[in-house]
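The structure under discussion is supplied below as C-alpha cells; questions concerning it will follow.
Going by the order they are written in, the chains are A, B, C, D, E, F, G and H; count residues from 1 in each one.
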Amino acid sequence: ARTGDPEVVFGQGKTPDQIVAALRALHEAHPDRAVLATRLSDEAVAACVERLPDADVDPVGRTAVLGTAETRGTVAVVAAGTSDLPVVRECATTVRVFGAEPDEIVDVGVAGLHRLLAQRDRIAEADVVVAVAGMEAALPSVLGGLVGVPLIAVPTSVGYGWNLEGVTAWLATVNSCAPGIVSVNVDNGFGAGVAAARIARRTAQARR
Amino acid sequence: ARTGDPEVVFGQGKTPDQIVAALRALHEAHPDRAVLATRLSDEAVAACVERLPDADVDPVGRTAVLGTAETRGTVAVVAAGTSDLPVVRECATTVRVFGAEPDEIVDVGVAGLHRLLAQRDRIAEADVVVAVAGMEAALPSVLGGLVGVPLIAVPTSVGYGWNLEGVTAWLATVNSCAPGIVSVNVDNGFGAGVAAARIARRTAQARR
Amino acid sequence: ARTGDPEVVFGQGKTPDQIVAALRALHEAHPDRAVLATRLSDEAVAACVERLPDADVDPVGRTAVLGTAETRGTVAVVAAGTSDLPVVRECATTVRVFGAEPDEIVDVGVAGLHRLLAQRDRIAEADVVVAVAGMEAALPSVLGGLVGVPLIAVPTSVGYGWNLEGVTAWLATVNSCAPGIVSVNVDNGFGAGVAAARIARRTAQARR
Amino acid sequence: ARTGDPEVVFGQGKTPDQIVAALRALHEAHPDRAVLATRLSDEAVAACVERLPDADVDPVGRTAVLGTAETRGTVAVVAAGTSDLPVVRECATTVRVFGAEPDEIVDVGVAGLHRLLAQRDRIAEADVVVAVAGMEAALPSVLGGLVGVPLIAVPTSVGYGWNLEGVTAWLATVNSCAPGIVSVNVDNGFGAGVAAARIARRTAQARR
Amino acid sequence: ARTGDPEVVFGQGKTPDQIVAALRALHEAHPDRAVLATRLSDEAVAACVERLPDADVDPVGRTAVLGTAETRGTVAVVAAGTSDLPVVRECATTVRVFGAEPDEIVDVGVAGLHRLLAQRDRIAEADVVVAVAGMEAALPSVLGGLVGVPLIAVPTSVGYGWNLEGVTAWLATVNSCAPGIVSVNVDNGFGAGVAAARIARRTAQARR
Amino acid sequence: ARTGDPEVVFGQGKTPDQIVAALRALHEAHPDRAVLATRLSDEAVAACVERLPDADVDPVGRTAVLGTAETRGTVAVVAAGTSDLPVVRECATTVRVFGAEPDEIVDVGVAGLHRLLAQRDRIAEADVVVAVAGMEAALPSVLGGLVGVPLIAVPTSVGYGWNLEGVTAWLATVNSCAPGIVSVNVDNGFGAGVAAARIARRTAQARR
Amino acid sequence: ARTGDPEVVFGQGKTPDQIVAALRALHEAHPDRAVLATRLSDEAVAACVERLPDADVDPVGRTAVLGTAETRGTVAVVAAGTSDLPVVRECATTVRVFGAEPDEIVDVGVAGLHRLLAQRDRIAEADVVVAVAGMEAALPSVLGGLVGVPLIAVPTSVGYGWNLEGVTAWLATVNSCAPGIVSVNVDNGFGAGVAAARIARRTAQARR
Amino acid sequence: ARTGDPEVVFGQGKTPDQIVAALRALHEAHPDRAVLATRLSDEAVAACVERLPDADVDPVGRTAVLGTAETRGTVAVVAAGTSDLPVVRECATTVRVFGAEPDEIVDVGVAGLHRLLAQRDRIAEADVVVAVAGMEAALPSVLGGLVGVPLIAVPTSVGYGWNLEGVTAWLATVNSCAPGIVSVNVDNGFGAGVAAARIARRTAQARR
C-alpha cells in the first residue's frame, strides 16, 4: 500500500479460492514482506492449511500469513479471558505482520484483580498496550490507572443478555475515567494491531 | 405506606410551598417515623431550612428529613469521586430514613486502585454495598470481584462527551462480568437506598 | 471463587465435551459444594444426562448441577406464565446451588389479578422475591405494591411484535412506580438467583 | 372539518393573539358547535380568561373551549396520580367537545390495587375507557384484565431517571399482555379523546 | 376469558401437537363459541388441516378456527397490497371470531389514489376501519382525512432497506396529521381485530 | 465555489456582525452573482434589514440575499401547512439564488386530498418537485404517485409528542412506497434547494 | 405505471415461478418497453436464465430484464470497490431500463485519491452522478467537492464491526459537508437509478 | 498523577473560584510542571485572566495553563474549518502541556481537496496526526490514505439537522475504510491530546 504498510486480504465474504489466490499473488508481488488474510471462515482456514503449506494459519484468530516481517518494539495484548481470545489473536498476528512483537497476556480480568496486578510490570514494559475487553469493558480503565504507556482499547461483542452486540463495551472505552485511551470498532483486533505496530516500531527506533 | 415503609415526597416538579406542607402533614400523621423529601430545587432547600427548623436539610443530596428512624444494619455507599456525591448523599439519607446505617466511602475510583484496595475490609464488613458510578462505571465490577456482600449498582449521569446521559453507565452495570450485581435507574440513589435498607435491616436482626 | 460462592460454568458457546469436562473437574476440586452449568444447548443437555449420571439436569432451565448445597432462607420466584418458565427455572436452580430454597409460583400474571392475589401471603413469607416478567413487565410493580420483601425483577425477552428483545420489559423494571425494586439484564435468571440467594441466606440466619 | 368533527386550534407555537383570534373566528363560523384550543402556554391561558369571558378555560389541562356540544355516551378517563392530571384533563375536555361525557377517575395506580379494585364497576359501566399512565405504564394491562370495554392507552412522559421521555410507557402500551389495547402518542390526551368520543357516541345511540 | 371474549391460542413457539390439543380442549369446554389459534408455523397449519377436519384453517393469515361466532357490525380491513395480506387476514379472522363481520379491501395504496378513492363509500359505511400499512404507512393518514369512522392503524414490517422492522410504519401511525387515529404493535393484526370487533359489536346494537 | 455555485454563509452560530461582514465581502468579490445567508437569528435578521438596505431579507425563512441571479427552469416547493413554512421559504430562496424559479404551493396536506388534487397539474408542470413534510410525512408518497417529475423530499421537525425531532418524517421519506424519491436531512431546505436548482437549470436548457 | 415509467417486479419474497410469470405477463402487455425484476434469489436467477432465454440476467446485481429501452443522457455510477458492486449493478441496470445510459466507475475509493482524481473528467461529463459507498461513506463528500453535477448518494450496508447495517453510511450521506447531495435508503440502487434516469433523460433533451 | 502525567482540572460544572483555587494549589504543589484547566465557562475564562496573571488563557479552546512543559516530538492537529476550532485548540494546548509540540493545520476540508493535498508533506512529517472532523467526518479517511503516521480521529458535534450530536462523525471514525485509525469520544480534544503527546514524546526520543 501507498502508506508503506503490508498488503492485507479481508477474508469476510470471500470464497476460499479467492483468498488462496489473493495470498499467492500478493506474496509473489512482495516476496520480501509478510502478507496477511483475516476473518477466514472454517472453509478458508482449511483451504489455506491444505493449499498454502508455507502459510502460518491460526484457526482461533482466523488468520493466515505468508512470509515474515522484521519486528521492532513490543505490544502487550491484554484480555480478561478465553472468550476474547479470537480478537486477541487477530490483533497479535496483525502486530507481527505490521512489524512489531506481540506479547499476549490473557486471564487478567478485573473481577480477579490479583492476577492483573501480578502482570503489571510486564505490561508497563511494552511500547504500546492493547486492552481487549467485552461485557462492561472495565479492563481498559483499570489498566489506564496502572500504566502510562499508550493504550488502545478493543471492545468485543462477548457478553450475555442485552449488550447491544458490543456497543456497551464500546461506549465504556470512549467514556473511560482514565485519560488518553483511544479505541477502535467492536472486535476490530486488526485495526488496533495496525495502529499499535505503527506506534511501537517508531518508539523502538529510539532505543537503538 | 402499605408495605410498612416511611412516607416520601418526590420533590421534583413541586413548589416549595407544596413540599413544606407535605412534610408537615406527613410528619404530624406519623410522628414516630421519619419523613423524607427528595429532589429539592434550590428554592425548596431554602424554604425547608427557613420554615422547618427541626428538619435535617442536605443541599448536596437535595433532601430534607423530619423525625428520625431507628437504624439496624449498615450499608456502605461507595463512589469514585466528588461528581457523584449528590447521588451518594441521596442514597445515604434514604438508607437512614428507611432504617439502616449508611457508611459513605468516596474517592475510591478504579483509576486509583490503591485507594480502593485500602478500603476493602471496611466495605466487606457492611451488610449491603451500594456502588455509585458514572462514566464507564467500572467500579461495581471491581467491587464485585473483591467482596461477596449483596451489591446494588447506581449508574450516574456524570460524564463528558457522548455518554447517553448515564446509559453507558447503566449498560455497564447490567453487563458486569462480576455475578450477582443488581441495579437501579440512572441517578436513582433513592431507589437503591430503599432496597439496601430493606436488606440490611433484615440481615442485621441475625446478629442480635 | 474468591467471594466464597460456588463455581459456575457458563455453557453458551462451549461444546458438550468442554462442559462435561469442566463440571467433572470442578466437582472433584470442590466435592463438598454444588457445581452449576447454565445456558446448555440441546446437545449439552443430552451429553450431561448421558455422561454425568449423578448430575441433576433440567432441560427447561437448561442447567446441570453436580453435588448439593445446604440451603438457608427462601426465595419466591414468581412469573406470569409458561413462556417465562426457562428463566424461572434457571433462577430457581441457581438459588438452590447458591444456598437458598426456591419457591416457584407461576401463572400469576397481572391480566388475571385474582390468581395473583390468592398467592399474596405465600409470596410475602419469602425472604426475597424474584419477579420474572416479559412483554410490558407489569408484574414487578404490582408485586411491589403488595409486599415489602426485597424484590429483584428479571425482565425477559418473551413478547411479540416490537418489544426490542426484552428492552421494553427492562425499561419497565427500572421505571417502576413501586420504590425499591432492583433489576438485572434481560433473561438473566442466573444473576438474579445469585443476588437473591446471598440476601436470603444472610436474612435466614436471623431466624435461627 | 370534512369528517364532521368540531374545529380545533393547536396552541403550541402560536401567540396568545393568534389563539384568541382563531377561537373567535371559528366560533362565529360555527356558532352551534364547540371550538377547542389545546396546548396553551401560561400567557395564552391568561389571554383567554381575560379576553374571552364566555370561554371555559382549564389551566391544568391547558385548554380553552367556546360554545358547548351535546353529549352522548360516557368515557372513563383513568389515571394513577396527580402527575398525569394535565393529560387526563386535556383528554376529558376533548371528549366533551367531541360529543361524549367524560368521567375522571384518578389516584388508582397499580401500586395501590385496593383503590383500583374499588372503582372496577364504575369503570366497567363506561362505553370506552382511556387509561393514562406514565413511568412503566402498568395500569392499562391491569385494567385490560378487569374489564371488556374498548380501551385506549395514553402513555405519558411522567417519570424519573431514564424513561426516554415517555417511550418506556409507550412501549409498555403496545406490548401489553392484555389483548385489544390500542394506544396513541406520548401525552396525546387530545388524540385519545377524539377516538374515545367517536366510539362512545356511536355506542350510546344503541341504548336510546 | 373473564372479559367475556373467546379463548385464543397464541401459536408462536408452540408445537403442532400442543396447538391441536389446545384447540380441541377449548372447543369442548366452550362448544357454543369459536376458538382461535394464531401465528401457526407451516407444520402447525398442516397438522390442523389434517387432524381437525372441522377447523377453518387459513395458511395465509396463519390461523385456525374451531366453531363459529354470531357476528354483529362490520369492520373494513384496508391495505395497500399483497405483501400486507397475512396481517390483513389475521385481523379479519380475529374480527369474525370476536363477533363482527370483516370486509377486506386490498390493493388501495396511496401511490394509486384513484383506486383508494373508488372505495371511499364502501369504507365509510363500516362501523370501524382497520388500516394495515407497511413501509412509510401513509395510508392511515389519507384514510383519516376521508372518513370519520373510528380508525385503528396496524403498522407492518413490510419494507426494504432500513425500515427498522416496522418501526418506521409505527412511528408514522402515532404521528399522523389526521386526528383520532389509534394504533397497535407492528404486525399485530390480532390486537387490532380484538379492539375493532369490540367497538363494532357495540355500535351495531344501535341499529337494531 | 469551485463547482460554479454561488457563495453561501451558514448563519447558525455566527454573530450579526460576522454575517453582515461576510455578505458584504462576498458580494464585493462576486458582484455579478447573488450571495445568500441562511439560518439567521432574530438579531441577525434585524441587523441585515438595518445595515444592508439592498439585501432581500426574509424573517420567516431566516435568509438574506444580496444581488440577483438569472433563473432558468421551475421548482415546485409543496407543503401541507403553515408550520412547515420556514423550511419552504429557505428552500425557495435557495432555489432562486442557485438559478431557478421557485413556485410555492402550501396548504395541500394529505388529510385534505381535494386541495392537493386541485393543484396536480400545476405541480406536474414544474421541472423538479420539492415536497416539504413533517409529522408522518405522507405527502411525498402521495405526490410520487401523482407525478413523474424528479422529486426531492425534505422531512421537517414539525410535530407533537414522540416524533424524534423529525426522524419519523425522515424515515418515511426513505421508505416511501413511491419509487425514485430522494431526500435530504431534517429541515434542510437549503440542501434540497441546491439540488433542485441544479436539476431544473439543466432541464430548462432543453426547452430553449 | 401512471407516471409513465416502466413496470418493475420487486423479487424479494417472491418465488421463482411468480417472478417468471410476472415478467412474461408484463412483457406481453408492454412489448415496446423493458420490464425489470430486482432482488432475485439464486433460485430466481437460475429460473430466469433457464426459462426466459430472451432475458438479460445479471447474477451480481440480481436483476433480470425483458425487452429494451431507448436511452438518453448518461449516469455515472461510482463506487470504491468490489464489495459495493451488487448495488452498483442494480443501479446501472435500473438506469438503462428507465431510459438513460449508465457508466460504471468502480475502484475509486477515498483511501486511494489518485485513482479517483484520474477519473474526475469522465465523472464530470455525466448528466447525473450516483455515488455508491459503504462503511463511513466519504466518497459522496469528496465527489461533491470535485464536480457540480446533480449527485445522488446510495449508502450501502458494506462494512465490518458496528456499522448499524448501513446506517453509518446513511447518516454520512445526509450530513455531508458538500451542499446539494441527496440520498436514498441503504442499498437502494434501484431507487437511485429511477431518480437518476429521470433527471438524465430530461437533461439530455437539452443537448439535442 | 501516578502515571507521570501532569495534573488537569476538568472545568465543566466547577465555579470560577474552584477552578482558580485548584490551578493555584496544583501549580504550587508541582512548580516544575504545567497545570491545565479545560472546559472553562465564559466566567471562568474571565476569572483566570484577571486573577492568574501568569496563566496562558485561551478563550477559544476554553483552557488555562499555569507553568510550562518541555516538549519533544510534534503532533499535527488537522481540521476542515473554523467551526471545529475550539476542539482543535483544546487538543493543541493539551498536547503542549503533556510534552509535545502541536502544529495546527485548519481549513483543509475534503470538499476542497487541493488545499488538503497542498499540506500533505507538512502533515506527513509529524510524529502523530490528530484529525478533528464534524458532520460526516470524511477527513480522517482521506488523511489515512495519504500518510502512514499514527492517526487519532476526534469526531465533533459540529453539524446541522440530524447528526445525533456528533455520533454520525463518531461512527464514521470507527468505520473508516483506512486501516489503523483510532478514535476518542465526541469533542474530546483533551483525550486525543493526551494520547498523541504520549506517542510523540516516545517517538521523538528516537531521533535524538
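Everything below uses one rule, namely that a residue touches a chain if its C-beta (ideal position, glycine included) is under 8 Å from a C-beta of that chain, and two chains touch if they have at least 3 such contacts.
A quick note: this is a predicted structure, and the numbers were derived from the prediction, not measured.
Undergrad: Check A-H against C-E and say which one is joined by more contacting C-beta pairs.
TA: A-H
Undergrad: Assuming a repeat means more than half of the contact pairs shared by residue number, which candidate in B-C, A-B or F-H repeats F-G?
TA: From the options B-C, A-B or F-H, the copy of F-G is B-C.
Undergrad: Round to the nearest whole Å and give the separation of the Cα centres of chain B and chain H.
TA: 37
Undergrad: Can you work out the whole-Å distance between the CA centroids of chain A and chain E?
TA: Whole-Å distance between the two chain centres: 52.
Undergrad: Can you list every residue of chain C that touches 2 or more other chains, as numbers and ranges?
TA: 2, 112, 144-145, 160-162, 167, 170, 174-175, 185, 188
Undergrad: Report the residues of chain B in contact with chain D in the complex, numbered from low to high.
TA: On the chain B side, the touching residues are 2, 10, 12-13, 39, 165-167, 170, 185-188.
Undergrad: Can you list the chain A residues touching chain H in their complex?
TA: For this pair, the touching residues of chain A are 2-5, 8, 127, 144-145, 147-152, 170, 174-175, 179-185, 188, 190-192, 194-195, 198-199, 202-208.
Undergrad: Touching residues of chain C toward chain D in the complex: what are they?
TA: My answer: residues 80, 109-113, 117, 135-138, 141-142, 144-146, 159-164, 167-169, 171-178.
Undergrad: Which residues of chain H touch chain F once you look at their complex with the stated criterion?
TA: Within the complex, chain H contacts chain F at residues 83, 112, 160-163.
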